[in-house]
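First chain A sits with chain B, and in the next complex the same chain sits with chain C.
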Partner chain A sequence: MYVAVKGGERAIDNAHQWLAEERRGDRDVAELSVDQIREQLSLAVNRVMAEGSLYDPDLAALAIKQARGDLIEAIFLIRAYRTTLPRFGASEPVDTGAMACDRRISATFKDAPGGQVLGPTFDYTHRLLDFALAAEGLAPEAATEGEPATGPVPHVTEFLNHEGLIQQEHAPAHDTPRDLTREPLELPAGRPLRLQALTRGDEGFVLGMAYSTQRGYGRNHPFVGELRIGTVAVEMEVPELGFAVEIGEVVLTECETVNQFVGSKSEPPQFTRGYGLVFGQTERKAISMALVDRALRWEELGEDNVGVPAQDEEFVLYHSDNIQATGFLEHIKLPHYVDFQSELELIRKLRREAMEGERREAAE
Partner chain B sequence: MKDLPDSDVAARQAWMGVLAKAPAAALLSAWDAHGLTPAFTWLRAPEVGGVMVRGRAGATGAAFNLGEMTVTRCALKLADGRVGHAVVQGRDTRKAEVAALCDALMQGAEAAQVRAAVLDPVEATMARAAHTRAAKAAATKVDFFTMVRGD
Partner chain C sequence: MTAYNFAYLDEQTKRMIRRAILKGLAIPGYQVPFASREMPMPYGWGTGGVQVSAATLTPDDTFKVIDQGADDTTNAVSIRKFFEKTAQVATTEKTAEATVIQTRHRIPEEPLTEDQILVYQVPIPEPLRFLEPSEVETRKMHALEEYGLMHVKLYEDISRHGHIATAYAYPVKVEGRYVMDPSPIPKFDNPKMEMAGIQLFGAGREQRIYALPPYTRVVSLDFEDHPFDPSKADHPCDMCGAGDSYLDEVIVDDAGGRMFVCSDTDYCATRQAAGHRGRLTTEDAA
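Entry: the complex of A and B
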């Protein structure tokens, strides 16, 4: 019988040293700086900030470098760092209506006031590899001949509000949301906790869930009423001062879907809404979040639970976190020698008994 | 501080907001060029931490926790007793120190000087950057036109 309980220090040290060397790659190629990652791989940085649940582009870029570009590993590093930070407080809810928009489109209203602003989008590109990028050269500069919009850009859903055609969102009187980074997730979670889980959830998982609703597993007929990306100020009350001050600004992506709803016992037919709000320029994630948010609202809207995964709060919330998931999944590759030894004993015993039984039967 | 008239509160909110959002490099170079080195004592030495950023469901509904952001805070007292506070984005302790010093100085005789040498140039830099971005966004605004079909 062999049970390892100690050892491997030298092997582990050498493995980590080799890891560092492999991270650096070919030394004839210039090393990447954290600034280069932050500026040139900004969408990866945004994903790490969103799912790491910490807005700090420099730290996210550092994590990506350390993780050799493995974004889930980078998110893990950010989550671990986040737990070391003292919490100074919570901000006032951000005012996305006052966003300085880089991008703002509506799939429902062609002539939405404020206009359709495409921003720096991959949409309408041909998805052909651009070999010019493989050669070094200066990037073209963006056109700046536009007349900058002044004043806030109203949310598209407000236009539907005027006619009472869409369900309204009202802030409750007591409005301190539960925080799943501070207390264990208990069900029913309620919408604020669901939105927190979705905004930090794995992009691939949330996308897959959203896609499942489009393919018929809890269809909710979404239109992208509005998608906007831009900068908003973050305000927090400072107790020593007795008033709120702006403490910084963040780039956010917000998606509001407009969904079909035929009405219920208490509500006349009207449109309903799904909502996505995510750190950074992260529109695939924000749209996915809005679709899954809408699917999870079945009970509040008096819809039937048709038993699909996207309607199942427990299923979605307990499987959306890629750090929890990868932690549990990857731990099975670590030494389980003792566990396995007992399994081995058990299977040998069962086989012995089975074979003895067969022998007895044959003898009889 | 709670007894300040509203207009003073609004003015202080405005400069504290500029200091918090200012790119560290722009703030520090303006401050260093200015050359003020007032004596002070720490009431709270710079400390890096997190603030939970909140959003609202559907933009106007129930609040929810979006994720944290890094901030640095500190408080200091000038020799004459003026107190400066800073809660600024990021992990740059020197930025927080300069922001708190500016906050303290803005409450007294040096206000005009600090505004001209630090706040105004930093604010102008930020406004230029925002304007350029807004102009680039505006250049991507779609102009629809109706196709005349048939005859």
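Entry: the complex of A and C
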């Protein structure tokens, strides 16, 4: 006998309780604290801050805990929280030239003023599981401290600029760039909006797009001109004071690529640039962002659009946001009885007619 | 929930959404871009409808939420709870008692009145999307009223299958101008769109709002020799005996036995309470 699909409300409550229990796991194992996540899973925290578009390591760590380590779910929690926050104003542009660098490398010059600084990188580790880590309680040896770098760390690409070998970035337009989180995306978006979308875009998606350009779908011959990670001051002009004051610090990863370019109808032979800037230590994302940024600049540089995905602003921008993507993808779990029923009737009708047609033909 | 404003969104955001709604009502069927917010439920789960409802609700409203015609499907429950919590509005399952009804995939069977607003959740607001993937192109096509592609698609359906092979989200033309996606309602519901109530459509992820003022002319696309046919399952409801309602097919046993029952749960329950009986009604069911 038919039992109506009642009890949705009770089912939801019970599911939530079960979820909370699963999140906690075995109660004989000590509970993970938000501080531990912030300090020991800091790259996960960085990704959540970057794609959540909110620089708050404590909230990001809380979101990761609440999301049971599902980073996209954690990013979603942060985004939903962020959208409710009031806006006091906008900061001054950060000066990455004045960054206190933990890491700063260039693949185009052997050495440069400020030096090459490897910093805390996985790059030259051998990826061997370290079973000693499984035996908890052993503190790693403190890293030996070298001489702290002093003096300025100028951007490497500026050296090329002195010679006029690299394309000049145009002075910032006087218009305030549009805000992706406060206005609907309308196309053509232009570079400021593209960069906004890329910096909060899904790391996997942006990586895949960047990789596709390396494999030939819109190849743009990139070198890492410079990759730097470190702390920059955030300044804001307070109307009552009439000048900018420092209101905090953020860790950023900045990547500038230098791309070969033989010239086009409108531009002479020169090097061109791609740019990536992402919250936290997030270098895979920053490099990917720079490659995709460069690919999307085809029109501005007078290149041909060869029809590859990474050159298609609409394709990249509409599909880079993992919160939009995961929501729409997962919504197909919701009931669709009504649509399915109407399809069912249509298919039955079309089949009936097709079968009758066959029978008629057989009889003839 | 005192940390949040009435109906969750702040007043500036609601104002922005109301402007989009008013523009939508002024240009029926036109998709108005709006700065959709991240809501605390996922994109694709009704965030557009929720934002439109949030901008529409007042403390005096009575709110009803249906998904697939039912008040008790999980996501309808979830959205209703959200507004109970953030707006403390009265809620109801009775179509006639509601002043604002948020819906996914159905129009209630009971005709709406001039005092009611129907808010649709829309996944893909662009009726031309699956014919032309680029938003830049489809906006141009709407601007130029260039709907040839859609007519060719419908024609190809007829030449290949003998029928227009679209059973839900069946495209309509509004006041002789814009081709509009009615959201994934079954085509059975299309004729109901010419109604006394206001109809608002919200697509959160796609950042679009569109609207139909009361008594707007809404014509399902067809051809003179292949007129539009709002078909449904050829049965009466097994619970209330209604012959005029849209039916869900429910599998009831291992042998593939099935029954048909109204998808609009309030319509069915109201009829049963009034003494209507179907093939499978047991006396204690009423």
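Structure notes:
Quick note on the criterion: the second predicted complex is superposed on the first by the 337 of 364 C-alpha atoms of A that agree within 3 Å, B and C clash if a C-alpha of one lies under 4 Å from a C-alpha of the other, contacts with A are read in each partner's own complex, and residues count from 1 in each chain.
Simple rule for what comes next: a contact is a pair of C-beta atoms (placed from the backbone, for glycine too) under 8 Å apart; a residue touches a chain by one contact, two chains touch by 3 or more.
The structure presented is a predicted model; accordingly, all values stated were derived computationally and were not measured.
Using the contact criterion defined above for the overlaid structures, shared-chain residue A:117 touches chain B, although it does not reach chain C. By the document's definition of touching, of the two partners only chain C reaches A:330; chain B does not.
Applying the stated contact rule after C-alpha superposition, one finds that A:27 touches neither chain B nor chain C.
When the two structures are aligned on the shared chain, A:338 is found in touch with chain C, with no touch to chain B.
Residue contacts after overlaying the shared chain place A:90 against chain B, while chain C stays out of touching range.
In the superposition on chain A, contact of A:127 is made with neither chain B nor chain C. Looking at the shared chain after the overlay, A:82 reaches both chain B and chain C.
Comparing chain B with chain C, the partner in contact with more residues of chain A is B.
When both complexes are overlaid on chain A, the residue A:162 reaches neither chain B nor chain C.
Of the two partner chains placed by the overlay, neither chain B nor chain C lies in contact with A:360. Residues 82, 86, 181 of chain A contact both chain B in one complex and chain C in the other.
For chain B in complex with chain A, the touching residues are 1-2, 9, 12-13, 16-17, 20-21, 47-71, 73, 75, 85, 87-91, 130-142, 144. The touching residues of chain C, when paired with chain A in their complex, are 4, 8, 10, 33-40, 42-45, 47, 67-70, 72-78, 81, 104-106, 123, 134-136, 161-163, 165, 167-169, 184-188, 205, 207-208, 231-233, 238-239, 246-250, 252, 259, 261, 263, 265, 280, 282. Taken together, the chain A residues at the contact with chain C in this complex read 1-2, 4-9, 11-12, 76, 79-80, 82-84, 86, 181-188, 314, 318, 323-324, 326-331, 334-339, 341-346, 349-350, 353. Those residues of chain A lying in contact with chain B across their complex are 49-50, 53-56, 58-59, 82, 85-94, 96-97, 100-103, 110-111, 115-120, 142-149, 155, 157, 168-172, 175-177, 179-181, 191-193, 195-196, 199-200, 231, 233-234, 236, 238, 240-250, 252, 254, 256, 273, 275, 277, 279, 293.
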